[in-house]
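In what follows, subunit A forms one complex with subunit B and a second complex with subunit C.
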Partner chain A sequence: MKALRNYIDRIKPQFSEGGKFAKFRSTFGAFETFLFTPNTVNQGGVHVRDAVDLKRTMTAVIIALVPALFFGIWNTGYQHFLAIGNNAATFGEIVCYGLIKVLPIVVVSYVVGLAIEFISAQINGHEVNEGYLVSGMIIPLVMPADIPLWMVAIATAFSVIFVKEVFGGTGMNLWNPALVARAFIFFAYPTKISGDQVWYGAEQMADGFSGATPLALAAAGTYNPANDMNAFLGFIPGSIGETSVVAILIGAVILLWTGVASWKTMVSVFVGGALMGFVFNASGMSCLTWYEHLIIGGFAFGAVFMATDPVTSSRTETGKYIYGFLIGAMAIIIRVMNPGYPEGMMLAILLMNTFAPLIDHCVVSRNISKRLNRVKTTK
Partner chain B sequence: MSELFSKKNKEAFVNPLGLNNPVTVQVLGICSALAVTAELKPAIVMGLSVTIIVAFANVIISLLRNTIPSRIRIVVQLVVVATLVTLVSEILKAFAYDISVQLSVYIGLIITNCILMGRLEAFAMQNGPWASFLDGLGNGLGYAKILIIVAFFRELFGAGTLFGINILNYECIEKAGYQNNGLMVLAPMALIILGCIIWWQRAHRKELQEK
Partner chain C sequence: MSQKVKLRKGLNIPLKGKAEKVFEQSTSAVKSIALKPTDFNMLTPKPAIAEGDKVKAGDAVFFDKNHPEVKFTSPVSGTLKQIVRGDRRRILAFVIEPDGQNESVKFEVANPAKMGREKVVETLLNAGAWPLIKQRPYDIIANPSQTPKAIFVSGFDSAPLAPDYDFILSGQESDFQMGIDVLKVLTNGQVHLSYNGAYPMSKIYSSVKGAEIHEFEGPHPAGNVGVQINHIDPINKGEIVWTINPQDLLIIGRLFSKGVFDATKVIALTGSQVKAPKYYRTVLGANVASILAGNVEGDNNRIISGNVLTGTQIDANGYLGFFSNQITVIPEGNDYEFMGWAAPGFNKFSAGRTFFSWLMPKKEYEMNTNTHGEPRAIVVSNQYDSVLPMDIYPEFLVKAIMAQDIDKMEQLGIYEVIEEDLALCEFACTSKIQVQKILRNGLNLMYTEVG
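So, the complex of A and B:
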C-alpha cells in the first residue's frame, strides 16, 4: 500500500498543470481517488464537514445491491437448468453458469459507461465522478440474462450520453440513467427484453416447460397463487436482479440504515402499489391480490433502488410521499390496464422522474403561501 | 449578371444552408421534421415541396409587397401560401399518390410551417423578387437538408433500408445478432438525432456558441 502511495506521489507532478501528461489529469485524479482518500482540502471560508461524500454514498448503494446481484447470478443458473430439464445440477454448476451469463453484462456496462464518463470529463476538464458506479451496477440487474451484449453497450452509451452528460453529469440528470438504458432496449429491441424466451440462456426448452414470467401469466389471467412463496424468495424467471424480494429487502435495510435512501419514498411506493392493487383486485380487473402485485416483477426492485435515487426523486419531504405514492399507483395501473406492457414499474418511475421537479415546486409554493397567510392573520 | 449574383444575393441563398439554417439554428419547422422523417422518400418529397412553396411564395409576396396594406398582410400571405400548398398537394395526389398518403396532413400543414411565415415576414416584405426567390430556395433546401440527414439515419437503423431498398436485412447480419432499432422509427429519436446535428454544428461553428 505504501509503495503504491509513493508511486502515485512520484508520478503526480507529471499529471498536474504544466506536466507532461497534464491532458490526462481527470483520468489520473479518478484513479487516485479510487485508490486513496484524496487529501485535497477546502481553502478558506466556512464549509459543512461530513464524513459522507459522494464516494461513500455510492459505495453504500453498491453494497446494498450485492445481495440482489449474488442471488441474480444464482437464479440465472437455476432457471437455466430448470428450463433445459436438468434437475441434477450442483450448486457449483448453477453459480458457474450464472457467472458466465451475468458477468459479461456487468463488465460491458461498466466499461462502456466509465469510458464515456472519462472521455467527457477529460474533454470538459472536470473530475470524474463516482456517480456511474451505481448506475453501472443497476443496469445489468434490470436486464434479462439473455440480452445481447452489444445492446447493453448501446443502451448504456445512450443513457450516459443523452441522460447524464448532456444535462451536466452526475447529480444533474432528470431521469434515472439505468432505467433509461432499460427503456431504450424496451422500445428499440422489444423482443430481447421481455417475452417467454429471454430469461434462460437456453436454446431448447424442456418439454412442457412454460417460459412465461409471473407477470405475463397474470396478464393472461393464469397466475397460480401457490407461486407466491417462490416469487417472494425469487425462484422465478425475470430480470437478473429483480426476482428476489428477500435480497432486495436486505438491500433496502442497508440503504435505510446508512441513510442513503429515503424511507418516505420507499414506503409510499409500496402503499401506492398496494392500494391500487387492492382496488383492481376488488373490482375484478386483476387476478392478483395486492401483495402479489408487490412481490412479482420489478416492483420491489424499482421501489427500493430506483424510486429512491436522491437525484431524480422529489427533494421536499412532503413531495417524497406524493412522488412515491404516484409511482406505486401508476405502476399497477399500467400493469393492469395496458395490455401491451405487462410491467409498469419502469414507465411509472420515468414518468414521475419527469414530474418530480413540478411536485417540489408545488410543495414549496404551497408552503410559502401557507406561511404568508399565517403572517397576515396574526397581524 | 454580376448584379444577379451579388454578394448579398449569394448570402441570401447560402446562409440558410449552414450558418442560419432554419431548423438547426432558428429551430423552426420542427414538428414536420419529426413527423415525416421515418423514411427517406417522404422526407425528400416534403423537403422539395417546402422548397418550392417558400421560393414561389417569397416571389409573389415580394412582387406585391408595396401594395399590401400592412394591417392585413398576414391574411394576404396566408392566401398566397394556401394557394401554393393546394397546388402542390394536388400535384402530389395526381403523380405520387402513395407518398401523398404517407405524408397525409403534413403537406396541408405546410401552411402553418413557421419557416414560411418567417421568410415572408422577415425577407420578402423588404426585398426584391430575385433576392426573395434565392432566399426562399436557400431556406427550403436548408430545411430539406436536415430532413434528409435525419431520415437517412432513421430509415437505415430503424428499418434497415434506404429508399425502401434493403441494406441491412440479410440473414447473415441477423445471424450475427443485429436487429433493427425500433426506437428509431418513433418520433423521440428524430428529436434526439436533430439534437445531435445541432450539437455537432455548434461544436464546429464558434460563431454559433453563446458566451
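So, the complex of A and C:
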C-alpha cells in the first residue's frame, strides 16, 4: 500500500490548485479518499471524532440492500421460467437469467448517476458526495426487470440532475432521487412499468399463466389469500427488489442495528399502513387484510429503505412518527381509493417528502412557543 | 427545591488513559506560568505592568480594557518576563517567572455575609479572582455591575477522562463552604450545586450549607453546567446566570479565609500517550513541561489543556489554560489509512454500530486526532439530538446560526448553550461539521447585535 500511497502523493500536486489537471480536482479527490481515508486532523473544536463518516454510513445501507438485490436476481429468473412454463430450470439457469436482466440495470444506474455526480462536483468545485452510492442501488431495485436500459438512463439522469444537483447535491434534496426516477418512468412511460407483461422478460406466456401482480389482482378484487406465504417470501412478480419481505427485513435489521435508519420512521410506516389496511378491510372497500397490504407490492421496501432516507424524511424525532404514520396511511389510501394504478407507496413517500419540512416546522415551533411561554410565566 | 434528574441522552467516550487517584510530584518546580487572554471570550487585554516588573501573588498583570475594574493577577510572586504577542500585536500570553519567594498581596479576611455585596465584589476584583466567574449567555467573564438571577456550580465533570472532583476537593470543606458563602452574597437568587448521582454524595458537598443541592445522573454531558441549568432553571431572554467551577470556587474560598490569592489547583494528567496518568498539584497557568517530562510516549502527540472535546491545543512547553483542570495527551492522526471506511474497525470507536467495535462494549480506545472523513452536508438525522439532553433542537439551531438568523437563534435557545454543551454533537457528526466553531460565531454575533 505504501507504493500506491507514494504514487498518489507524487501525482497529487498536478491535481491541486495550479496543477496541470486542477480541473479534475473533485474526481481525483473522490478516488483518493476512496482508497485512503484522509490524513486531516481536527483543528479548533473537538480533538477526537467518531470514526463514522458518510462513506461508512452509505456502505452500511448498501450492505442492507444486498439481500434484496440477490433475491431479486434469483426471483427475476424464477418468474421468467415460471411464465414460459419451464419447470425444469436449474438454480444456475435461474440465477444466470436474473443476472443477465438485473446487472445491466445496476450498471446503467451507477454509470449514468455517478457520471453526473462527478461532472457536477467538478463544475461546482466541491467534493463528490457518497449519497449516490445508495440511490444508484435503489433505482434498479424499484424497476421491473424488463425495463429498457435507455429508460433507466433517462430516469436516472432526470432525477440526479433535477431532484438532487439543482438543489445542491446530497443532503439538500427535497425528494428521494430513486423514487423520483421511478415516478419519472411511471408517468412518462406508463405502459412500461405496469400492466401484466413487464415482469417476466417473456414474449410468449405459457398457457393459463396469469401475469398479473398480486397488487393488480387485489385491485381487481381477485387476490387469493393462499398466496400470502409466497408474497411474504417473495416468489411473486414485482419490481426487482421489492418482492421478498424476508430479504427486506434482513436489510431492516442491519439498518436498525447499525443505527443508520430510524426505527421510529420504519415502525410508524408499518403502523400507519396496518391501521389503514384494517379500516379498509373492515369497511369492505379492500379485499386485502391489513397484513396482506404490508407484504405485497412495494410497501415493505418503501418503509425500510425509502421512507427512512434521513435527508428527505422529517428530521425531528417527534416529526418522524407523524411522517412515517402518514406515509403508511397514505400508501394504503392511494392503493384502495384510486382507480388508475394499484400501487401507492411511491406517491405516498413523495407526498410526505414534500410535507416533511412542514412537519418539522410545526414540531420546532412548539419548542419555540414553549420557550416564549417560559418567559411569560416567570414574569 | 432540590431536584433529582436522570438523563438518558449523551455519550461517554471510552478513552484510554484515565488518571489513577494518586497525587504525583512533578519532577521539577514550575519554571514559568502564563496568563492567556485567549482563554476568555471577547476580552481585550491591557497590560497593567511592563515586562521586567516584579509582582507578588495577587498583583495585577493586566485588565479588561472594556471593564478596567476586572483585573487579572499573578498567581505567584516573580517577574513578568514577557508579553507574547501574535498577529497584529494581539496579546497571547503574559509569561511570569516565579522567584520562589511566595510573597502575596494581603486582602481582608472577613465573613462575606457581613462585608456586604459591594465589598465582596471589590475584593474579588482586586485579588484577580473575579475572572473565575463566568456569565451565561455567551460564556464571558461576569459583569461586576450586574446581579445574576442564580449561580450554578456543577460538582462533577463528566467529560472524557475528566478529573474526579470528589478526590480533588476532599479535605477542603471549609474553603469550599466559604466559596459558597461568597456566591450567596453575589446573587439575590439561589446558589445551585449539583453532584453525580451515580455515586454517593461526597462529604464536601453533603456538608455544604446555603446551596440548593441537585442530583444529576447520566452520561456526558450530564456534568455540564449548561445542561444542569436547562433542567433546574433555564435561561430566558434577558436573564443572566453565573457559573463557576468547584476548584475555582476553592480559590475564592481561600481568598476570603486566608486573605491571599492562592491559585494552586490539582490537575489530572490523562490520555493514552501518558505513561502513568495521575493527579498533580500545580498552579493556575503553569508551564506543563515539568509535568510532562519523561511521562509521554512517542513524539507525534497532541497535548491538550482540558479534555478532548473542548480543550485547547498547546505545545509541549505550553501553559495550562485558565479554567483547565486536566491535561490530555493523545496521538496525532495525521496519517492515511488504506480503505479506512471499509475496514471492519474493531479498534474504532463510534456511537453507532457501523464498525464492529460494538462487539466489545467495555473496550477503552486509543483515539487519535484524525477527522475520520471529510466535511459533508448534514445527512444523518438525530445524531445531535441523541447526545444533547436539553430541551433544544441543536441541528435547527446550528442551521439558524449558519443563516445568521438572529430571531431564529434566539427562539431556538442560543442563550442556553455554549460550545461545551454542543461539543458531543460535533464529535458524533457524520458530516464532520465544526459545530463548536459555528456556535461561537453565533454567540459572537448575538453579543454584538443584541448585547
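The working rule: the second predicted complex is superposed on the first by the 361 of 379 C-alpha atoms of A that agree within 3 Å, B and C clash if a C-alpha of one lies under 4 Å from a C-alpha of the other, contacts with A are read in each partner's own complex, and residues count from 1 in each chain.
To be clear about the criterion, a contact is a pair of C-beta atoms (placed from the backbone, for glycine too) under 8 Å apart; a residue touches a chain by one contact, two chains touch by 3 or more.
Just so it is clear, the structure is predicted and the values come from calculations on it, not from any experiment.
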Going by the contact rule set out at the top, does A:K370 touch subunit B (first), subunit C (second), both, or neither? second
After lining up the shared chain so the two structures overlap, which partner does A:R315 touch, if you call subunit B first and subunit C second: first, second, both or neither? second
Taking the superposition on A as described, I'd like to know which of subunit B and subunit C A:P148 touches: first, second, both or neither. first
May I ask you to decide whether A:R10 touches subunit B, subunit C, both, or neither, giving the answer as first, second, both or neither? neither
Mind working out whether A:F184 is in touch with subunit B, subunit C, both or neither, as first, second, both or neither? first
Between subunit B and subunit C, the one with more contact residues on subunit A is chain C
Subunit B/subunit C common contact set on subunit A: none
Which residues, counting only subunit C, touch subunit A once they are in their complex? 13, 15, 160, 234, 236-238, 302, 304, 308-311, 313, 328, 330, 332-342, 345, 348-355, 357, 367-374, 376-382, 385, 391-393, 395-396, 411-413, 423, 426-432, 434-437
Can you list the subunit A residues touching subunit B in their complex? 148, 150-151, 162, 184, 187-192
Residues of subunit B touching subunit A in the complex: 177, 179, 181-184, 186, 192
Please output the residues of subunit A touching subunit C within their complex, sorted ascending. 1, 4-5, 33-42, 44-57, 59-60, 127, 129-131, 168-172, 257-260, 262, 310-311, 313, 315-317, 360, 364, 367-368, 370-372, 374-375, 378
